[in-house]
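Same chain, two partners: chain A is paired with chain B first, then with chain C.
This part shows the complex of A and B:
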């Protein structure tokens, strides 16, 4: 029982954490919180099921295609919904433009794919439905791989350092001659890939379902809010904790009360610490 | 802003005509609604009923989203609450059945309470965060409705309330909804044209200026969330009646999207725009059957187009008045001789006193042990190089920055740190280095915001257009016009503030500050961006303000202006007083000349 709670908790927690990282990657590059983060996760599941389950492509090819499409969606988001409103960040138009794009994606999938949850094909056939089933450890593996990959990217590669530079100080980075626009598009592509990985790896757990987008938007945002904007470490820790907490409440009290409990904890923590548990102090206003 | 400005206007070409022009579109829409049942069939009456019910909710939400700028995207949760409250109370499956009117009243109260609960995080959270909490709340309410089977019937649902005659027919119910929708329009229009509506927009577009004008964000937003929640609760009851049977599935997130998007497509800060948008969006999917499936997709696409192409929405498209070109080569010509009408001379003995104030930003000491006295009836110049702590000093006095040590006193009483909204009541007014104005509001409305705390009427009195509301409006409009005349902007009173030249914005901020009849006026670089002639006129205006007994703190880089009009000058460097004295003493002060003025 305990093992089951822990495994399913860490599995969904890993997905929330990855969506949190998706938010963060987009935020770092553009100071924009995008409603498309959860939809990218949803697309990962739906596209995986479509490519492998419906079209019958080999799993690895389906995986690569899924990530490619998600990266493309990320770049399109940047071009359509983010770049045009970057000049007026203080008006928060990005909340509306990214919400619009997120709704477009969600509705398109609902109409063209299905409004019912569809099965996601087995990838490796490891584990027989028990706590060691691949549907539990695949998301965790994806999370660990993403953390390692991001760490390598940010610490060891020039492009990664450039990402960090524009996240740290956009103006200074541009003054140094960094191609800010291309790096921003690159970040959105990267966010698309991370969201896609999260959705693909959790496909068997969450199924290929259009409504997962809105769900992941909310549960993926909680780790960001608690961990502090742009703080990936905070997002991963908070995401995993959130997953375990939610599943524990789920097993002990039932689904509705788990949702209410998560929501209440979220609101209380946010009101007590609006900058998140690992966040930075507010800036000057006048 | 379009019609929201209308009634608050001085209406130069006949007040009645201007008013009629504002009311006409509403009369046309509701008139068309009245004759609709006579000229069409039950189906279109049903669609119109739905639009009217949606508008009951959207009109209230409009004050939250369109006016206060709080992105509440999950408002369908309150519709759900209202629908279940009326249905369950009228059905009597929990308590003994209540009369329908009582059930609707309880729904309004429940809606108001939850409106406040959902809304309050807005006081602490930033836009996206707040949007997410409302979204989360909407998800929770649906889940609870599904799970709480003993009360809500779970997925099977409950029957909606049955209204008594004459509202039990389709036509009777439609006319009831239409009347309620008209009533809501009237109430929200009253708020829009009151000091509360202007304060809401000020919170949205110029929050810092709103605080300095003494506007209390918690109280104002609290009132608006209560009102908006109550409207949503009533709309929920009507919705349940219309549906005749409700399940959690009836309250999809798509409805929330419709409400939210109707306001943005209509245009923020407008009432006519969102009304038109609500009608159109409700009607649009009926236009062709295949569109029903694609309706939310269509709304989202519309939202994207509006945000990117016409951020002002329908209201901006209908705002013909502000497309007329303005006269070029305008020059501000203040009339300082009018100031005695605005700033009545009173007995002024006390002063603002800063003692040993220290304030750091990280490792930088912005103010390092500052002593400063601002006396009434004198102009105190504060000069110094960039980063010497001038604006920070002003922010400490105004309560935006909290000093680490030291005291800030007014008349022997400490000014509470970190509470900028308390300053207006003590008679301290200020302007900003970068003008903080409501670009979409008229010049006159911007000035009226400055006098928000001088109104007597309550939110409810404005809602119902009671006498004290009218008294406040007449008083504020007259005073604002007088203030505009004194700074020389009266000819531009009707123009949108974002169409003004930079120099005019500086004078506009002074006019807004004068609305408080300030005992102390703090000016942050008022001469920046002004021509030499305008600086001379500004100097005369500041002198005239001083002559009425108001103490002026003038932060400036224009040395000529400082030495011309100041009675006393303090020079700051690295957060410390480098020199203090009369202009004549400062002009020849060795260190000041070498550090700042230049030889």
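This part shows the complex of A and C:
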């Protein structure tokens, strides 16, 4: 029983963590909280089911195509919803523009795909539905691979360091001759890939369902707030903790009371540490 | 008498006015089509029932018109797609009443829309038949024009709890629903129905339909000692997760309740076909296969007659035949009263007793506009759908 709760909690938590990282990658490059993060996760599941389950493509090809389309959606989000409002960040127009794109994606999927959840194909056929089933460990594996990949990208590659440079200070990065716009588009494509990985890996758990986007937007935001805005490690740890806590609350309290428990803890943590559990207090230049 | 030019003119005008306003009117009324409004949520997320009803409605209208109509008057359908939106349903109902001047309305087909349109139709004294379940939609004092051609929620609760307690002979039940208004209210009413029969409701909860894993909830139900789970949701995702988790836990507990558990979407989402077994849904006697594998004779005859004409594999038989019955009840009222007068149609429906419909044996009276007898509600095996109908659940002779 404990293993069942732990495995499903970690699996769900890994998905929340990846969506949190998706938020962070977009935020780091543009200082914009893009509410398309959850929709990218939803697209990962729907496109995976469409390419593999409906069109019958091999799983690897379906996976690559899914990530390519999600990356494209990420780039389009930057062009349509982020770039036009970058000059007026203080007015928070990006809330409206990114929410509008998120709704467009959701409605398009509802019309063209289905308003009912559709099955996601078995990928490896490992496990018989119990705690060791692939639907539980695939999201965890995807989360671990993403963390390792991001660490490699940011620490070992020039492009990754350039991403970090514009995240740190985009004015200084531009002054040094870094192509800020291209790097920002690259970050949004990367966010699309991470969101797509989250949705694809959790397809068997969440099913290919257009309404998953709103749910992931919501629960994916909590690790960002708890872990500290822009802090990927904080988002990963907070996401995993959130998933386990949510499943434990489901077992202890049941039904909707579990959501009440989750949000009570969320509010208490933010009251105690407004910058998030792993975030630094804002420093003022003097 | 001297006939003057002025007298001739006045007389002519008077005659023309009289013929226009009164004398010729009955002749026009007798030949004009019978206009039936059909408020249908044909698109949108809750469109599946209306699409099924629509097939039956068009079939019935075509059949009546092909036979010469009702007393020579053809039926004209005025269809408006409400998209499941109460605001659109209200606009469509008002347009049907004041502009299209329909003689009767069939629909809306979901309770949310019906809650909005029923008072409007009552004010206009518009004869209305609808298939919505919410109890408060039928009230002969407030809505004397509204007639239900479906079970009420109370009847459904009674049917499911009767099956669990009296036929399955179980004592301890878990009652769960989704977090929608429907799920929340039905969990309460269904629990009360079980309690009324002396059963213990050992677990009662609502679950978010998008919750990825229901293992914790199922463990709680098992630990509480539930012998059966009553499920009240229309979400195939939640239903299939309950079934898959039940199988993974190796828990042989029956699921009973909402007809959505028998939908094709659920069949596509269960991990293995056997996960769909031991699930019993609310059904209707006329639309259930008996032990001989056949429907009641008159329904079987209808199904045989529409083979190849109406698609039944992707819908539910009761939706189709309910649409047929609704149109036939309007036609019958016009035939029996000889007019399309609203008071006449309502007055006739108030006298309908044991109408041998395809969907059910329907009765209405001045004091009760709930059309279905409790005996027409049965339970069916969820995974046995064939031509839109299901096999009777175990326990019925």
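What we mean here is this: the second predicted complex is superposed on the first by the 279 of 286 C-alpha atoms of A that agree within 3 Å, B and C clash if a C-alpha of one lies under 4 Å from a C-alpha of the other, contacts with A are read in each partner's own complex, and residues count from 1 in each chain.
One rule holds for everything that comes next: contacts are C-beta pairs under 8 Å (C-beta built on N, C-alpha and C of every residue); 3 or more make two chains touch, one makes a residue touch a chain.
The shown structure was predicted, so the numbers you read here are calculated from the model rather than taken from an experiment.
Look at chain A after the overlay: chain B and chain C clash there.
With both structures placed on the common chain, the touch criterion links A:84 to chain B but leaves chain C unconnected. Contacts of A:36 after superposition: neither chain B nor chain C is touched. When both complexes are overlaid on chain A, the residue A:118 reaches chain C alone and has no touch with chain B. Using the contact criterion defined above for the overlaid structures, shared-chain residue A:232 touches neither chain B nor chain C, since it reaches no partner. Contact with chain B, but none with chain C, is seen for A:270 once the two complexes are overlaid on the shared chain.
Judged by the touch definition given at the top, the superposed model places A:256 against both chain B and chain C. Of the two partner chains placed by superposition, A:24 touches none, neither chain B nor chain C.
By the touch criterion defined above, A:247 reaches chain C but does not reach chain B. The superposed model built on chain A shows that, among 91-99, 145-153 or 217-225, the segment of chain B colliding with chain C is 145-153.
Taken together, the two complexes place residues 215, 254-256, 259 of chain A in contact with chain B and also with chain C.
Those residues of chain A that touch chain C in the shared complex are 1, 4-5, 8, 11-12, 15, 110, 115-119, 128-130, 133, 202, 205-207, 209, 211-212, 215, 247-248, 250-251, 254-256, 258-259. On chain B, the positions that touch chain A within their shared complex are 71, 73, 121, 124-129, 131-133, 135-137, 139-140, 143-144, 146-148, 207-208, 253, 257, 264, 293-294, 296-297, 299-301, 303-304, 307-308, 311, 361, 391, 395, 398, 400-401, 432. By the touch criterion stated above, chain A contacts chain B in their complex at residues 33, 80-81, 84-85, 91-93, 95-97, 99-101, 103-104, 107-108, 111, 214-215, 217-218, 221, 225, 254-256, 259-260, 263, 266-267, 270-271, 274, 284-286.
Those residues of chain C lying in contact with chain A across their complex are 44-45, 176, 179, 203, 205-208, 210-213, 215-217, 219-220, 235-237, 240, 244, 247-248, 265, 268-269, 271.
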